[in-house]
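The next part holds the structures, each set out as structure tokens.
In the two assemblies presented below, subunit A is common to both, partnered first by subunit B and then by subunit C.
Coming up: the complex of A and B.
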């Protein structure tokens, strides 16, 4: 039992190391893309899109596993989790990532991280790269599915379904069994992740069926697009909620404040999120004229109902926790605090774009990467970075004064805000996304792309500063003899 | 137990990777060659002019029809239908286009094509061109048009194909079969670089459509595909209940 708990700790350290290394590499790919759009470097279009593919899918993958690793580690406070499932997910993730990078960077697969049908079958790269890419997703999906199921099983051993979703809190102020917010939000997120991974399984089975049937079976483009975004949109949201589960647990603890409790409004907000986040992906299909109008309206309403209640109660909880109270500020809770601001700003950008009338203007402009980079680069990344920092300090033998904290945060804010501003301004000017280089008609596009690359480099410096201290402590933990 | 299970599964997954290298040719029909450049075949027009397809397209975007003069099948209905549809096609009043009827039969001469134009009363129509080329195999392969010679009937077995080519020489849309004026209108718009929605033709191999269109009633009804979209949510809630029931029974 103790060995397994130590194993989870060691695995968490390995997850952190892997995430940080892949994060730095993916940022570099992102900077190269922006430099190419700015005209400072020249990539062949195929190379640009291969970079874009690997950048997007790696970022989604690593920040999802970062959230999962954090949730798994903290869940040990409440229930016993499976070390083997955690290790299995780790091994599958390593295999999947290697396959993914080989298929894109060597095989030149460049259908984008959303691999929208029928692009994967329009072979403009090495013929083996398409199946390699799809199998990479299958390997990752299986590893994560086992992990998610094991964590759900761990929670459901202790809590009934109504307890794990805090339904007893709807009417009763002081129920017999209290559901900690961490447990509620983790379960909401895990169930959402399970759903989107099942969507991915259906999607991959259909894509494999077409690929291996040699044309005797073909897919319905509308079905595949729906499934792609059911998986892609939902996992991108659920990974944020995994980070929020960690914040609900650690923010008050690190700040020296009383533990947050589940209230009726917290319970209702997160139950709304559980349901509506599964329907919000329809907003990705506003431009698909064959999608029935009813589903487009569902997409808009679900986008509001999934995000606003959970954001509202989280922001409220954080404000109540910090407003006119004595807080023990540290690098971790500062990262959490700034991360929540980034998440909310990105969320507002997302809700603006998810409104049908606005989407006519903003669809496929740089507004889209602007908002999703806001709640990822300045939201979810900071949630996990806060956890990484807390974990590495708390459980490492290499303690000591954290150095250059102000410099790290200043670079992070300056780089992050500048990088995002270049996207937002470009989006507001209707500059399209997914262009490897811009025609002269988009007069400000190249300048904004170059500015974005410069600020992203400042952001990268901040990440490298974090990287050096966290990496050393985690590596030390991994190399320790148990 | 879990360890062995997971290891076996890992080996199982890895064993598939080798099989995954074969790339099948997926049967695309109208979608094939879209946004690709049509082969720049030299043409001999019945007026006596020698031009290439790209030069012709640069003057006006093209609708290319592939026929042969000895055809006893689809070629005549294709040209007649196209001629009629162009008169009634919606939203093409201000659109530029030329129709290029090109023979894919190497036996056809310019004279044969001239006779064909006369037969359809199109020899003096300004935006209709009839032509032959000495590079027909390259031209038809660039648009994935594959006529097959049948020795018994002494005829080509071939599709009725119209290919839209914009003024830069790119294939913008293809239409297979005899199509109505609405589709021809979309074709003319697409070669003028106006957005035209496209869709795959219904086929037996397409099993899981989100909607099934009934041509008799003109209505869509939800298809199996809609079930596939709902399936993940239904399955995950069932799994949730199943896990809880198993944990409960174990704890009892």
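Coming up: the complex of A and C.
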């Protein structure tokens, strides 16, 4: 039975509106950065890095909440979720985002979205901006922690622990209780998110301890770096998995195909993912040679193995689901399909960089934004856009015919591929990431940055075309009286 | 090497894109007669096994080439101490006093002989990336406060090498660099 709580539906529409507005603003900030690197505009370095900080943290935040909002909405099909936890997370997210934007764009805080210790304490901006940035993260963390726990609790009210992780599928081909793939992947992702949010709490407590003790308590840079990437890397991965949970549920449904069912194979794969993804973050510390070498090797192996169950199973399943099969293609499942391709191509770039001997040459060059923009801008964003489109059409009174689909997709592909190509080539040319402008000896850097900005503008046009139709429908949903 | 990796990536990306296009076209051409699979989430053991073997081979070849094991059993011909700070590199043949960091005016290193860099930071995290005369990264490590990272390398080509900071360290990060000569 499909249960549709009106409150959750309205909240989902608000989440979508907020994500789309912040996404457009953050893309514009990204384009300004590439234009500055190309020399077409001139920002003071501090302003550039504040722009870079807010761009990174906003993008991570919005695509995480987009995945969460989508999962929460679909979860209503299986269990009753908490409207209040959803609303609490929404309010805390709005407060947290406002604090982040104020601390960076007004307070000029520019320690980067990873705020790598001890840079946030070497204050080169308004003194209040550091605590405001850290408290903004605390506000977001509390809101998201409550939301994640409430969704996990909702699942565990209906399914036992072994059922929610589909362990009964390991040994039994037709178990009495079937765990839908959506439930399994959501639970695996939520547990991963919970783990990295706990790491974020520890991280913030340590940073606050140093800040408020005025340096009496001093942190260890290596420990903090490990915690930072355990949190940062894991949340960036888990948000992709939230998007995949939605795809497992909606791809067959929108395509007019039978619902996908969990098999022993899928159950084991996603249980393994839970484990491997929590160890992959070590690859961010390959160039810290003082890190124990065993952990470096674990980082490479876990990075490889994390891609096997999730990417191997998902990609292959989508391919066999589509191959020579009559599919009802629509904008939503096309976005899912292209997004899976973008995700796996970005994954290849990531695996290359997660190889220690390659990272020795590619670490912190533009290869890094190349691969993570591949699986975000051309992967995860498309998963969520597919959901947004489906949601806005399915539950809106303003059905109408979808126009300009080919144009939207063409712009998205052209802009996305061109924008990413400029990053990959620059990575191969050893051009550093996170430079406000380039020393003259990097001869191709300016041209590549300008090309990146041009193609990113084409991508932005595609997003604005999607934006206009989805925005109108969702706004209508929010404004209509229940 | 970097271009070889770019080529590898482009080939794999093109193959993946081609597979997705072929699969999409096969779906667009199919009619109702071909009903497809009832549940695509069935066991695909062989597919995962191939992926696993490919990645296993890749790991087996690459892990021994990790920088931690490079020239581990050899004695360095030259040791260079590096202290990074906002926004400078101090390099010296002698140990550097963190309270009064002083380095050499110029650093000259031998070609084809083992050089050991002992890299630390005086304030925040920095990068220590060595660029060849043709502006490609040849080796790098991080400069972390409270720790010393040891990087060993043999320079095969004489000339002027540039060191750039590759870990974002503040508003003048992009101009933080130094040079040394290999003869």
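By definition in this document, the second predicted complex is superposed on the first by the 478 of 482 C-alpha atoms of A that agree within 3 Å, B and C clash if a C-alpha of one lies under 4 Å from a C-alpha of the other, contacts with A are read in each partner's own complex, and residues count from 1 in each chain.
Basically, contacts are C-beta pairs under 8 Å (C-beta built on N, C-alpha and C of every residue); 3 or more make two chains touch, one makes a residue touch a chain.
The structure displayed is predicted, hence computed values, not measured ones.
On the superposed subunit A, the positions of subunit B and subunit C overlap enough to count as a clash.
Contacts of A:328 after superposition: neither subunit B nor subunit C is touched. Looking at the shared chain after the overlay, A:157 reaches subunit B, while subunit C stays out of its contact range. Contacts of A:181 after superposition: subunit C is touched, whereas subunit B is not reached. By the touch criterion defined above, A:139 lies against subunit B but remains apart from subunit C after alignment on the C-alpha atoms of chain A. Using the contact criterion defined above for the overlaid structures, shared-chain residue A:403 touches neither subunit B nor subunit C, since it reaches no partner.
Within the superposed three-chain model, A:42 lies out of touch with both subunit B and subunit C [touch as defined at top]. Of the two partner chains placed around the shared chain by superposition, subunit C is the only one that A:304 touches, whereas subunit B remains out of contact. When the shared chain is aligned, subunit B and subunit C each come close enough to touch A:222.
A count of residues in subunit A touched by subunit B and by subunit C gives the higher number to C. Once chain A of one complex is fitted onto chain A of the other, the partner contacts of A:262 are limited to subunit C, with no touch recorded for subunit B.
Clashing C-alpha atoms with subunit C appear in just one stretch of subunit B from the list 91-99, 109-117, 145-153 or 217-225: 91-99.
Residue overlap on subunit A between its contacts with subunit B in one complex and with subunit C in the other: 118, 220-222, 289-290. Of all residues in subunit A, only 45-46, 49, 110-112, 116-119, 122, 124, 181, 220-222, 225, 257-258, 260-266, 269, 286-290, 293, 296-297, 300-301, 304-305, 307-309, 312-313, 316-327, 329, 337-338, 340-341, 344-345, 348-349, 351-352, 355-358, 360-365, 424-425, 427-430, 432-439, 441-443 touch subunit C in the complex they form. On subunit B, the positions that touch subunit A within their shared complex are 2-3, 6, 9-10, 13-14, 16-17, 20-21, 23-28, 31, 197, 199-200, 203, 205-211, 223, 225, 228-229, 231-233, 235-237, 239-241, 243-244, 246-248, 250-251.
By the touch criterion given at the top, residues 1-3, 5-6, 8-10, 12-13, 16-17, 19-20, 23-24, 26-28, 30-32, 34-45, 47-48, 51-52, 55, 58-59, 62-63, 65-68, 86, 123-125, 127, 129, 131, 135-142, 144-151, 162, 164, 166-175, 177 of subunit C touch subunit A in their complex.
Chain contact summary for the complex, subunit A toward subunit B: residues 82, 84-85, 88, 91-92, 95, 99, 118, 121, 123, 127-128, 130-132, 134-135, 138-139, 142, 146, 149, 152-153, 156-157, 160-161, 191, 194-196, 198-199, 202, 206, 210-223, 226-227, 230, 278, 289-290.
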